[in-house]
Amino acid sequence: MKEPTFRPAAAPDTFETANFRPVNFASDNVTGVAPEIMEAIVEANAPQGAWPYGNDDVTGGLNDRFSGLFDTETSVYPVATGTAANALCLSLIAQPFNTVYCLKHSHTYEDEGGAPEFYTNGAKLVPVPAAEGKMTAAALEAAIGEVGGGGARLPHVMEAAAVSFAQATECGTVHSIDEVQDICAVARANGLFVHLDGARFANAVAALGCEPSEITWRAGIDLMSFGATKNGAMAAEAVVLFNEDLEDTLSRRRMRGGHLFSKMRFLSAQLARYVEDGLWLQLAANANAMAERLSAGLAEIDEIAIEYPVDANMIFATIPGDTAERLRDAGFDFYDWGDADRPSIRLVCAFNTDADDVDRFVEAARG
Amino acid sequence: MKEPTFRPAAAPDTFETANFRPVNFASDNVTGVAPEIMEAIVEANAPQGAWPYGNDDVTGGLNDRFSGLFDTETSVYPVATGTAANALCLSLIAQPFNTVYCLKHSHTYEDEGGAPEFYTNGAKLVPVPAAEGKMTAAALEAAIGEVGGGGARLPHVMEAAAVSFAQATECGTVHSIDEVQDICAVARANGLFVHLDGARFANAVAALGCEPSEITWRAGIDLMSFGATKNGAMAAEAVVLFNEDLEDTLSRRRMRGGHLFSKMRFLSAQLARYVEDGLWLQLAANANAMAERLSAGLAEIDEIAIEYPVDANMIFATIPGDTAERLRDAGFDFYDWGDADRPSIRLVCAFNTDADDVDRFVEAARG
Amino acid sequence: MKEPTFRPAAAPDTFETANFRPVNFASDNVTGVAPEIMEAIVEANAPQGAWPYGNDDVTGGLNDRFSGLFDTETSVYPVATGTAANALCLSLIAQPFNTVYCLKHSHTYEDEGGAPEFYTNGAKLVPVPAAEGKMTAAALEAAIGEVGGGGARLPHVMEAAAVSFAQATECGTVHSIDEVQDICAVARANGLFVHLDGARFANAVAALGCEPSEITWRAGIDLMSFGATKNGAMAAEAVVLFNEDLEDTLSRRRMRGGHLFSKMRFLSAQLARYVEDGLWLQLAANANAMAERLSAGLAEIDEIAIEYPVDANMIFATIPGDTAERLRDAGFDFYDWGDADRPSIRLVCAFNTDADDVDRFVEAARG
Amino acid sequence: MKEPTFRPAAAPDTFETANFRPVNFASDNVTGVAPEIMEAIVEANAPQGAWPYGNDDVTGGLNDRFSGLFDTETSVYPVATGTAANALCLSLIAQPFNTVYCLKHSHTYEDEGGAPEFYTNGAKLVPVPAAEGKMTAAALEAAIGEVGGGGARLPHVMEAAAVSFAQATECGTVHSIDEVQDICAVARANGLFVHLDGARFANAVAALGCEPSEITWRAGIDLMSFGATKNGAMAAEAVVLFNEDLEDTLSRRRMRGGHLFSKMRFLSAQLARYVEDGLWLQLAANANAMAERLSAGLAEIDEIAIEYPVDANMIFATIPGDTAERLRDAGFDFYDWGDADRPSIRLVCAFNTDADDVDRFVEAARG
């Protein structure tokens, strides 16, 4: 299948506030903060204060919380953005003269404004072809093979050090446990570290109904960006290290990037509440269920084609030329994707997407 | 006057939570969030969401708010940490082969874990001697002169591009309007940009009772880090650009550093509320007043010497050997400073410091 | 046509000295120094010495020499390696948050060990499909178009700043004057600077029989790496700037990279002699003529196919499985290219390649 | 003793060729190439060529040559400039969030245009006060102690990783074996690597009459820049690694910096000849002897004061106001140093400095 031109094809006025329509499927980042998490932030504001830079109780408890969640000893470093999490992770596993395999249409390769290159001091991201938005063991192996030959012994050729892929993917698909294991097996056989971009990790776990460990360290993942922002946090992501052999420099790299918060407990409180009592999976379950409901509804419309398996909370749909306009007029929003030849839209459901809104959207799409 | 060893001389257990004492003067970053600001955060959580990455109303209004505050057209870029603000500012005004004059005992030089070097891709910070924690025109001029001579024409010698200093300073002193003007005049005469680290800018403005413009662009400042976190925000600072000749690359540099928030409105809401109705100055006024009260009380104790003019919200006090221990036993906390030969402590008052706590501290210090 | 796996497929022992065979077509960098240039080096060793760092007569005269050569005012900066020249050039035209279009199978993208990323502090090289090893205006335009859409207005997407291509190419082809003009026109229309990697520029000029200006600044090239090492110098390349709008920081960037020679005159003497009396074109003409003779001879052999037009001094030839071994046994050397499915070899002729050796090679290839 | 303003105080026309006077003591880099070394370069130009990038016999033999010279297994990496050697060395021992102790008036700190920061991706050089141009164990220990205290546990404070100093020094002094051992002992006790900038290493060894190993690895040096350019080579320095625990990434870092020469044998031939038959020490012995003769002569002149012990080949002399002009009129050249209050000159003798020239200079200085 041809990979779509993977970038919002937005009209120049997309981001004007006047155009923010009441029901907005543009991204899970247009949402606000889940009530439980906002409450945790407010509660963290204890009058007596706390030691700064993570030397507080809430932050202090994160390692235990995440170790419990993942059923293994982990080190957890809160940051506020997914780009920071990804770039810091890559900086641990790739030297400036190394390459990192990733997908072309990935956040890391296309949408982080040079952050991976910045934090790694110049490592090169090498794109690997995707299959329905997924990294595959076969494509990874082929890409590794391409660099072989005698020339690779020269220092001219940057040495591969790592592979990075997203779960759930940018296409809304989810790698199965086996698929993750296979990727990691190829990586391991070639001496590569494996980083997981888990900006939508909750959606993947909710979709697979698996233990978090099964698609991370038990499958061979060395470290991950554990996202919360897109799923109900205000601005909170965690770098989670599984592999004890990783360089112990994350806290210095985070500081150097300007990502160490003095009042860290407000970051940590978001993460602590997010993973407490299964909140993160409940939130993701709603997003996934709404995406399923939405795609099921749209699939019944003849003129509309769903482009990828809707494993998580995102739908890419090829639509007739005038549908987008009609939907916007009806008060819905979303990003245009695709191109003039094949108009397409992206619909993202979130932790707080409402079933009635979904149904009204389908109704409106039916025209 | 000899510059003190300017670093907390903390015992290894300083940051253990069990040691967090109820009344804590260690830093203004041990405090939480001012109620007004927390309320603004909660209010920003409108159910319908908003465009991400700053394409929301609250962020959209910041330029106007700050232009009003500074009585001139400004560009404002919210970030979450002071280190990010400082490093991003420096990256605008210093190329990798440039130097930046600063104070040795400044946050930028000593306490940002390499962030200035990182964001400038390797510019060199050149320390200038301080006078009571302040940059002076004379010291700056002397430092510039030192590099002179024929050798400076060779590319061996990194070319100076900027000067950066803090207001209020790390010693709790405040540069007068004249002092800022004089520094900027020397800078201008030598073709240097001037950056102001305003992590405690509110305390300086409150102390001087001046207009914000008088110690910034009207005095010759090109760009600043406008701090809010230490004075009641949760995690919010603003890069404020005054000079229109500055490179227009801040938004790309911020993204590349991983400092562009998707749910930006929660950052912006803090800044918007902070500067609304003079809240920022009210909060700073309390911190300053409490510091004055505290230093006045301590100054009356024979064995205690106040080390610097207490212009803003910080006090450095030389104390007898056993005083620190006695104060901690009484439930107070603070950082040890100085060294074994001259035991000294740092006391920082905050937006929510209580007069009764101050009085009890003085009482306890009296012994 | 399928692009070959573009990397020497050398056996592990390729580079063992014992395997250096008397007649070596592996690369033009296996050659030594042209006698005229060695003589110039020896002559530069005047007993009385000279001012260092380029403040000598020979270096001082380079701007004039190159301005004459290119029939326009140029600034010339000698360095010792092509990688340094290319990376320094890119650092002038691409900020760290920019992208540079290049070919995948180019020295810049594949063979410089991360130098472009290093010197640009993290800019991203974006590969464009080649046509017989050449950059084309159409491919460049398509690549630029791919990034379009509304998303490109976000700082997430690195902004394109430049295009870089080689002349002669890595496939031994040469862009015509028109082709260079067309590429530059697309670049200019999109606000991109154009860098020429002229590691084999002499071969291109000799092949086209044109004025150097016609395929450089007159066609729209902003700056170039002017190679001499592969064509008879010991270690000398020149960064040549044509566009006066380019940042005036090359001499500082060169120093910062450690590429400013104290005894610069020995570098400059190579370049000065190289361009004197047309030596550079005479040397290149021999290399080109020998490649033509070699390819003409090989083309008559049924089992051998020449893969690209032999415009300059390089030949890629598909050969039967046992031919390479037989040729090596006969005392010839070269790099294996291609892969197991399609065995292929690369043959590079040099300034000192001998017609008899060429003829003996063809004879041996005939088998 | 007050440290001089350590920079040539040259008049604007210093580097004009017309001003290059026949007898030039400005620097050892104004000299040319020793005949033996030029001969080796010419000889390396064997007609049949050689494998590129160091895969040639001459380069292949360097490890053995240097292992013999240093009486231990070493790895040797030729580069062309001292700045490249120093910066590459530092990049092996300091991460971007580390500091490196050095002297303020050192090449590394003041004269390499940002190369150390570039190659380490932003590490910070921390200046330590010198004693007659030398690093001392005591000053190093004091500098290390200054960073101590509780704050050092925070990632805010860049962690020290290394110390770097020159031998011979920029003042023309030489650290004794004991002094080197003492510095290294302090470094080792604090977990720091030790780098030696040996741009004038030959002068130091010749001065001490010791084995090269005694002031390097046996004393605790981990790696060094072994200079040849200032002592008769054309452009050749070697990075020499003694400590096997050092990261094995030098060849990739050298490539990434653009410092891997394709025709490497011409670099290696210089180094090979330089250390053959004690040539390097003979050349240095002349430079040292001439400096001694010169300083002895000048010391007898009442108005002239020699500023530092003349251990190697450099002399700093305080001279009466009109002496410099008179000497220049007499056909001698040198750099002005010092400042208006204390006019001073630097005189550097070289491998080819002539005793008659020295005597004539003294005569002319006598006035």
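The first chain written gets the first letter, and so on, giving A, B, C and D; residue counts start at 1 in each chain.
Keep this in mind: a contact is a pair of C-beta atoms (placed from the backbone, for glycine too) under 8 Å apart; a residue touches a chain by one contact, two chains touch by 3 or more.
The structure displayed is predicted, hence computed values, not measured ones.
Trainee: If each step moves to a chain the current one touches, what is the fewest number of steps from subunit A to subunit C?
Mentor: Counted as steps through touching chains, the separation is 1.
Trainee: Using each chain's Cα centroid, which is most distant from the centroid of subunit B?
Mentor: Farthest from subunit B by mean C-alpha position: C.
Trainee: How many angstrom lie between the centres of subunit B and subunit C, each centre taken as the mean Cα position?
Mentor: Once rounded, the distance between the two centres reads 51 Å.
Trainee: Measure off the straight-line distance from the CA centroid of subunit B to the CA centroid of subunit D, and report it in whole Å.
Mentor: 41
Trainee: Report the inter-centroid distance (CA atoms only) between subunit C and subunit D in whole Å.
Mentor: Each chain reduced to its C-alpha mean, subunit C and subunit D end up 34 Å apart.
Trainee: I need the residues of subunit C touching at least two other chains; which ones are they?
Mentor: 14, 53, 96-97, 112-114, 118, 121-122, 155-156, 252, 255-256, 260
Trainee: Touching subunit A in the complex: which residues of subunit C?
Mentor: Answer in residue numbers: 5, 7-12, 14, 96-97, 110-114, 117-118, 121-125, 146-153, 155-158, 335-336.
Trainee: Within their complex, state which residues of subunit D touch subunit C.
Mentor: Going by the criterion above, the answer is residues 14-17, 20, 22, 24, 26-27, 29-33, 38, 41-42, 44-53, 55-57, 60, 79-85, 87-88, 112-115, 118-119, 229-230, 234-235, 252, 255-263, 266-267, 352.
Trainee: Would you mind writing out the residues of subunit A in touch with subunit D in their complex?
Mentor: Contact set of subunit A toward subunit D: 53, 95-97, 121-122, 154-156, 159, 249, 251-256, 260.
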